[in-house]
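Paired with chain B in one complex and with chain C in the other, chain A is shared by the two complexes that follow.
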Partner chain A sequence: MMKFDVVVIGGGLAGMTAATALQQGGLKCAVVAEGLSLSGASREAYTAAGGTLLAGDRVTGGTIENGRLVSIRTEKLGDVTLEARAFILATGKFFSRGIVADMQKVYEPIFGLDVQYDADRSTWFSPSFAAPQRFLEFGVIAEDGCAVRNGVKIENLFPAGEVLAGLSSAASDATAEIKKSALAAAEAARRI
Partner chain B sequence: MPKDFDVIIIGGGATGAGTARDCALRGLKVLLLEREDLASGASGRNHGLLHSGARYAVRDSESAEECIKENKILRSIASNCVEDTGGLFITLPEDADTGYGLDYQKTFVEAPSVNPRLIGAVTVPDGSIDPFRLCSANITDAVLHGATVLTYTMVTEFILEGKTVTGVRTVNTRTGETAEYHAPVTVNAAGIWAHGIAELAGVVINMYPAKGALLVFGHRVNNVVINRCRKSADGDILVPGDSVTVIGTTSTRIPFSECDHMAVTREEVELLLREGCALCPSLANTRILRAYAGVRPLVASDDDPTGRSISRGIVVLDHKTRDGIDGFITITGGKLMTYRLMAELATDAVCRKLSVHAECKTAETPLPGSADGRISSIIKRFPGKPTAGQKGAAGRQGDLAGKIRFDNPADCALVCECENVTLAEIKYAVSELGVRTLSDLRRRTRIGMGTCQGTFCIRKAAKALAEALGDPSLADKLAADYLDERWKGLCPVGWGDTLREMEFMQRVYKFEKPYSYDEV
Partner chain C sequence: MQERFISANNFEQCQKCSLCETVCPVMANNPAYAGPKRSGPDGERYRLKNGIFFEDSLKYCLNCKRCEVACPSGVRIADLIQQARIDFARKAPKLRDLMLASTDQVGPMASAFAPVANFALGLPPVKGILDFTLGIDRHRTLPKYSGETFVHWFRKNAASSQAAFKRQISYFHGCYANFNYPQLGRDFTAVMNAFGIGVNLIDERCCGVAKIANGMIPAATRDAKHNINVFRASVAAGRDVITVSTTCTMTLLEEYPELLKVDNADVKGHISLVEPFLYKAIASGELKPVWKEGWKARAAYHCPCHQERLGLGIFTTELLKMIPGLELTELPSNCCGIAGTYGFKKENYKVSQQIGKPLFDSIKAAAPDFVVCECETCKWQIEMSTGVTVKNPVSILAEALDLEKTLELNRS
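And then the complex of A and B:
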């Protein structure tokens, strides 16, 4: 078992923004970053502040007790779990598999969080490539900033960035919106 | 100012292109009119299967014989368009009690992804054929023999003198410009749209638009064609072609009004996936590149609701004997496999009307690009060590690739990295092959047809095409139209990895300001 103040899942723009803010604010953080988007300046600022980086690893699941996420497991750490007071979920949308669509449903693959999407697939796409696309609005539901599973809030798990319903990088003001949501999640995590 | 020809051919699919070539080789002065681009209808929307004819052997021996004869001819005259993959007819336990011809060792070497539950596997001389290349090669040869080919030119009206068709009025669908052309014979080779063309001349042909939907998978799961040995049904043929695999088809009667706006439905996709997985279970986990559909131009004969029992046979109609309208011939029915024979029969009918005695030479004369089909000898003509782009061009354009100007190093740059298409080949396609849009360019060069579906090359290709067309300001419009066209094929299969690709494509083109980590 490894213990942190906050564990951030995802090392993209949202995850690194939140983790850097928290680490620089004096909390002990870990980032589990699976993908390729983690790079350069973001890594330097975070690690310079003393943050722990678990690069190239993937979160496989977690233990939820009494409406709180207690710990998470990763592919590489095996039965060594990561514990924290708060967790931030910044896994992005379909491309980075933060949410997954199969022929029947759309789901959040790590915790099975509640996802907002259209059951009727005829609304997902606009025939014009350039027009806004509904499917880019899909994502996990947040209630008071917390993730929700089977209608019940998980009080210390805060989704940030594009994994959230309604937030998409294909929007013109995406960078600002993603950072705003990341800093909000960081603030919520800090208060726990 | 009316222009005069011996024969006007309506339709730039395989049949029209083949008829134009045959007529031109027989010395006729030919005009071909196509309302969109070559092979933009059913000719370009099928499996790309070089049938052995085995599919029809039991129930339609006439079609089966036509198929195997044409199969042999196309292998020799269109070697550049044909890949000799070979094929298998597999029997699954649910289809029959006994299967034949199964040699496990051989079968799994040739078809490593085939359903291991199979109980029979019979080898047939199937292959794959690139219909775009085939149409383009026919047109190229027709033009070499004096034909005039006008794409984006739609026939709006026939010019009749009494009860004789003497010409057509047309409109250019891009410029709106109208024109009038005269010829003693007009051939209606418009595929399913032959129905509407005939109506313009006051003639009724009872056609049966049978929509066939297909799915393209992101790589070749086998190197041979896999057919399912059972009564013809949906999704029972899997064809490897270039870098992809195609499963099809369905057969659904649709109204004529839908022929121009076909969308693949969820039911069709589910059905094709289910049947595809019966042939090759690994397709369940293979990325689907896109879905598309074509319309078979069948001639209605009975009340069969599925359209499967209608013969794929060729129909040549002389409207003088049939309807009292002289100077007008319709060639329809048939299939891509028999396009050359259809063209021969249509040209025979044209020659009878014109009292021209000339023999058909298309069964022996190789198409341009196929005179020397071996890529290894074609690439020797290029200066220096052949590049990926030159090898790609040799595979696609055959010996005509020798005409591509690779002497400027900047032109050797790859534009499409999935299919290895260079700037030089784009310039060649624009100057020699009548390209106006990126979709036209795709049909000539396979640009944007590979695994990225244009995500990485469209901007580059649009700029190159716009410059080659002499108007750089066209680039944005060319790119936007092409993205819409690619998007249309992705939407019916938008889940799993395909949806991931779609999100990525949206990001690449819509995210105006890249993430800057320096700001974190």
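And then the complex of A and C:
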């Protein structure tokens, strides 16, 4: 078991924004990044502040007890779990498999969080390339900033960025929205 | 229904995002290399159709596996490239490549004549001849061979005292500790013994990474099968296999099943790098370290590419952070450029040094007492290129631990 103040799942724009803010604010963070969608300056700012980066690793599951996420497991660390007071889920949408669609449903693959999507698959996308695509709005549900599973809030798991329902990278102000949600999640994690 | 959309070919997970190209150290420095995406998943589509689409430029891949770390879709890009080289490269390995890769044969000879070999290999005319006749670059400082191998030292000085320890492990020392740097093996033995753990040698052969890189697949496969059988016997006797070299470990764990098709599933869970092994045992309270009072050092950690691919660098940093007197900074993640035998070759030397430059610059800027790194070829490259000493984490533990007090505490 390794202990951190905050563990961030996902090393994209949202994850690195949240983690860098927290690490620079004096908390001990770990980022688990499956794929380096952000590298260069953002990665260096985070590691220069002393943050731990588990590059190329993948979260395989977690232990949730009494409405709190206690620890997560990763592929590479095996039986060594990562524990933290708070977790931020910044795994993105379909491209980075933060949410996954099959023929019947849309789901969040790590924790099985509640996801907002249309039951009728025929409404998921529009055949017109230029039209707004419904599926880009799908994502995990947040209640008071917390993730929800089977209708029950997980009090210390905060979704941020594109994994959130309603936040689409196709929107014109997407970058600003992603950063805003990341800083909000970081603030919520700091208060725990 | 679902099966129709799932392919057995891992490369079809590639979404063409090109993240792999942004981290490829070769692509940035060698225009002759088409990059991981084109050489790996893109090229694979063609190669599956017909082997004539194999491109010779795949030899420029140094197999650092940074592309695989960067890939958000889990494509085994470097494996695809290595596999294609195994399947399609038609040229037989050159004499030089055979020599660089045959550590089990060249090592004993060079060790037997170490003073002569080291002296000769340091002479400019000899280096010039090697450059001209074999294509081993004259600018490269060649690794020193040790007059006494680690195995010889161990049999003479340590083997008889090991049985007294309650817990026993097998030590896969690798070619480097045996022929080039026996001090690492001695440090390993000292640290393990201090923790009350007995060290056993096994009838190991070279892990085979250099043979794989140089196209000697049948020989590598024979060695792999031999090693796995030796590990099975060790595990059956209740001894896990502890390794010190990052790249050997990656080869034993990943390349055996993926590239050589040698099954290791039954022993994989019993092979561990020394850093995760010690971190877990110390963190759980099973082993208790006593640190030397007043020991102090400033070190910078360079995570070798294959350590990053294994995802195990965190165990090294967390283990080293337990040492009270050690001030540890982490260097920005970069490849040192040597990639085993790659950087020794004349055609790669220049690119090899260009690739390493950002790392060398960051080491010079950090100006540490020494660099910490688990990898032996990184050590050659960094020491040659920066003049800064590189130490293996095990050697740092051997320095920082109060070995006698640690043994007292762990004996019971």
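As a convention for this text, the second predicted complex is superposed on the first by the 191 of 192 C-alpha atoms of A that agree within 3 Å, B and C clash if a C-alpha of one lies under 4 Å from a C-alpha of the other, contacts with A are read in each partner's own complex, and residues count from 1 in each chain.
By definition in this document, a contact is a pair of C-beta atoms (placed from the backbone, for glycine too) under 8 Å apart; a residue touches a chain by one contact, two chains touch by 3 or more.
Everything numeric in this text was worked out from a predicted model, so none of it was measured.
K.L.:
Using the touch definition from the top, say if A:T17 reaches chain B (first), chain C (second), both or neither.
P.N.:
first
K.L.:
According to the stated criteria, A:W124 is in contact with first (chain B), second (chain C), both, or neither; which is it?
P.N.:
first
K.L.:
Quick check for you: in the superposed arrangement, does A:T47 touch first (chain B), second (chain C), both or neither?
P.N.:
Second partner only.
K.L.:
Pick one for A:F94: touches chain B only (first), chain C only (second), both, or neither.
P.N.:
Touch partner of A:F94: chain B, not chain C.
K.L.:
Please indicate which partner A:G151 is in contact with in the superposed arrangement: first for chain B, second for chain C, both, or neither.
P.N.:
Neither partner.
K.L.:
Check the residue A:Q133 against both partner chains and state whether it touches chain B (first), chain C (second), both, or neither.
P.N.:
first
K.L.:
Please tell me which partner, chain B or chain C, touches more residues of chain A.
P.N.:
Of chain B and chain C, the partner in contact with more residues of chain A is B.
K.L.:
Which holds for A:D102: it touches chain B only (first), chain C only (second), both, or neither?
P.N.:
Both: A:D102 reaches chain B and chain C.
K.L.:
For A:S169 in the superposed arrangement: first (chain B), second (chain C), both or neither?
P.N.:
first
K.L.:
Once the complexes are superposed, what residues of chain A are shared between the chain B interface and the chain C interface?
P.N.:
Shared contact residues on chain A: 37, 39, 95, 97, 102-103.
K.L.:
Spell out the residues on chain A that touch chain C in their complex, using ranges where they run on.
P.N.:
Residues 1-2, 34-37, 39, 43-44, 47, 52, 54-58, 74-77, 80, 95-97, 102-103.
K.L.:
Would you pull the chain C residues touching chain A in the complex into a rising list?
P.N.:
Residue positions touching the partner: 1-2, 15, 17, 19, 22-23, 68-74, 276, 280, 283, 308-312, 314, 317-318, 330, 332-333.
K.L.:
If you look only at chain A, which of its residues touch chain B in the complex?
P.N.:
On the chain A side, the touching residues are 12-13, 16-17, 20, 37, 39-42, 45, 93-95, 97, 100-103, 121, 124-125, 127-130, 133, 135-136, 169-170, 172, 174-175, 179.
K.L.:
Which residues of chain B touch chain A once you look at their complex with the stated criterion?
P.N.:
For this pair, the touching residues of chain B are 266, 270, 480, 483-484, 486-488, 490-491, 494-496, 499-500, 502-507, 509-513, 515-520.
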